[in-house]
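As structure tokens, the structure follows; a few thoughts come after it.
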Amino acid sequence: MYPKTIQKLIDLFSKFPTVGPRTASRFVFYLLKLSNEEVEELLDSISNLKKTVKTCSFCFNHFESSASQLAGGKDERNLCSICQDVSRDKTLLCIIEKETDLISIEKIKKYKGLYFILGGTISTFKKADIKKLRINELENKIKNQPEIKEIILALNSTTEGQATVLYLERLLKPYNKKITRLGQGLPVGGELEYADEETLSSALEGRK
Amino acid sequence: MYPKTIQKLIDLFSKFPTVGPRTASRFVFYLLKLSNEEVEELLDSISNLKKTVKTCSFCFNHFESSASQLAGGKDERNLCSICQDVSRDKTLLCIIEKETDLISIEKIKKYKGLYFILGGTISTFKKADIKKLRINELENKIKNQPEIKEIILALNSTTEGQATVLYLERLLKPYNKKITRLGQGLPVGGELEYADEETLSSALEGRK
Amino acid sequence: MYPKTIQKLIDLFSKFPTVGPRTASRFVFYLLKLSNEEVEELLDSISNLKKTVKTCSFCFNHFESSASQLAGGKDERNLCSICQDVSRDKTLLCIIEKETDLISIEKIKKYKGLYFILGGTISTFKKADIKKLRINELENKIKNQPEIKEIILALNSTTEGQATVLYLERLLKPYNKKITRLGQGLPVGGELEYADEETLSSALEGRK
Amino acid sequence: MYPKTIQKLIDLFSKFPTVGPRTASRFVFYLLKLSNEEVEELLDSISNLKKTVKTCSFCFNHFESSASQLAGGKDERNLCSICQDVSRDKTLLCIIEKETDLISIEKIKKYKGLYFILGGTISTFKKADIKKLRINELENKIKNQPEIKEIILALNSTTEGQATVLYLERLLKPYNKKITRLGQGLPVGGELEYADEETLSSALEGRK
């Protein structure tokens, strides 16, 4: 229905997470209303993303290369600010699914340890599924950092999150570290009447 | 708009929890379609409610008087089956807001102690508010049952529930019992990305 | 889980339209909190429903028998106030699914004709389905009232409503009356972007 | 919380219609996962949008310049394919709010006339509001095309849409064309019980 160029961009936007064709076309008409300067600003910003954002080789968090790094500065290991921070507690490793989870935990300002971004979750234990996770990198990290004492599996309480927890518990057992899961219970605003049995059971068990 | 008798019943049904005029009129037309026998059955059932259901004098749970009790049998203290059950753990007292919460906890089959139904929650500490709770009855119960060692405040994680928890903690301090709250954390199905800071903080703290 | 009497009433309330077990139990606990007088008021109101509400023999609307009628007054044909109203336009007959639809149309104060409550809708043309509608009564009415010139099929625009319209159009064809359907189009608040093709097509066709 | 480059792009995406910070950050992490080729494809597509998409000088629809037009071909009036189509009915002019509404109407394949995209709607009749609409262009179009006989105001049935309809009816009166509005009524799937009075009134009036 739309001219070819417009349809092409609608198709590309439709691949964005949570975006369907209707929203994608809204994006395109929004861009058509922007001035050339505003469109340039967007193009530059997307372009810069690929040029200046690197992935931390320790935790796989994203970070921005400083000018010195771009110019081949001393630190070539590509470490993000958290992994470079010597005041962080190296005995704690918090495994999360994705970067937004790292942000969520950093926000509460209670966790002082280090992180590892798994890159996904699994719903089965098939090879195809497990490939989605950074398993090798995780095992290497644990081998290369004997100071780690506790591994916190901070994954969602969803079916996939919990399947991933089970898989990781099994995988990491040989390393003899203390392995913990996030506490389950009533969330803020939660009501007993609507809590499922497992949540309520955990809430009762975890009382203090 | 409706004939007087119909409108009267619509008005009465509209006072039922969660029922508005539209649903109330659906109820009335539903009743008009029932046979006389079915309506009689409903009338009898409502009538019986008032005649045979008593309130437990210990926990304020509802229970059904057995024939012997109705006929002035031995047990005149009006105790529900839970409070009469000698195998229950008398050292644990679980305070809940309403009967459906008692049912929710009983369902998980993990709690072996006794209960006390508070009858409501408060949002302020004003006298008018506090009158809604069975405070006197609660204090009497604790005085008359020295075997109580732990009081679990199993109230909702809502603002009112938590305000009520604060009030009860202050009120019950002099009694020198161990006072606990339900554990907070990620509920089943919960995701880190959408968890508020307090829930996530509790989940992290309560890890095991 | 609940005492027998309570559970019995929860089961009866669960049969009410839109009511599930959770809401039904809320109703029961609401009733347990009412005074004996308030419960009596409800019982009387439900009781009266069956005693004083009659069904109009012309349109099958519900109406309240006046004292004179109860005492065997002159009007024994059981006619509601609309069917008794000589100022109504006898040439118009509006067929609706249920009483609340009659109320909806009366509210807009634009329709001056008479009504007929079909009692349901069908989704197939099988005998079992058609039995749900007052077909015989409808055909008798049309035969006995030759002054009817237009029959308005005021049924919902749902699949069942429209299937019922198709069935009635076929059924009533032999009577040689003008048969009309409600106009379809954009509802108040409707947006072109979200309107389906049929609605938009009707809206365009029905422009004025 | 995020590195500067990431935060900048999150802020730009947050200005997209229906996009908030959470969704914007999902977009950024989605882009970070794409290959350089895929990002290039997106950048090119956005870039092309501005270069090849023109606005029709008759109806303000968007269309793609063909190669000949880009090279300064004969047709320099910038007309979209609909306005260039001689088989369209020039006596009909359909005024719509935005391009997606044109697409909605074209989809039903019933309308054979021409269009005019107003560019917005108003909620008041203040100058600041009216400036949002292409009023001058609309009036010029009507003056320059005397073959127009009917102007269809195909705007949403929302408050703003209808305010705009009122404004346009007043504005266009002097031109002595037939001015029509889209038919209102029950939408597909609509139920009498939930239809507001105005919709039901239109549905009754517009019966056929």
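Letters A, B, C and D mark the chains in the order given here, with residues in each chain numbered from 1 onward.
Here is the rule we go by: contacts are C-beta pairs under 8 Å (C-beta built on N, C-alpha and C of every residue); 3 or more make two chains touch, one makes a residue touch a chain.
Values in this document were obtained by computation on a predicted structure and should not be read as measured data.
J.: Specify the chain most distant from subunit C by Cα centroid.
T.: Centroid comparison gives A as the farthest chain from subunit C.
J.: Identify which chain pair among A-B, C-D or B-C reproduces the interface of A-D, meaning that over half of its contact pairs, matched by residue number, are the same.
T.: Most of the contact pairs in A-D are shared with B-C.
J.: Would you mind reporting the rotation angle for the C-alpha fit of subunit B onto subunit C, rounded to the nearest 5 degrees?
T.: 180
J.: Nearest whole angstrom, what separates the Cα centre of subunit C from the Cα centre of subunit D?
T.: Distance between chain centres, rounded to whole Å: 41 Å.
J.: Between subunit A and subunit C, what distance separates the C-alpha centroids? Give it in angstrom.
T.: Roughly 55 Å separates the two chain centres.
J.: For subunit D, give me the residues that contact two or more of the other chains.
T.: In subunit D, the residues touching two or more other chains are 100, 107, 193.
J.: Line, ring, star, complete or other: which describes how these chains touch one another?
T.: Graph shape here is a ring: one loop, exactly two partners per chain.
J.: Okay, what are all the chain pairs that touch?
T.: Going through each pair of chains, those in contact are A-B, A-D, B-C, C-D.
J.: Considering the complex alone, what residue numbers of subunit C touch subunit B?
T.: Touching subunit B: residues 1-6, 8-9, 12, 16-18, 23, 25-32, 36, 39, 41-43, 45-50, 52-53, 62-64, 98-100, 103, 106-107 of subunit C.
J.: Looking at the complex, which residues from subunit C come into contact with subunit D?
T.: Its residues touching subunit D are 96-97, 100-101, 104-105, 107-108, 110-111, 152, 154-158, 161, 180-193, 195-208.
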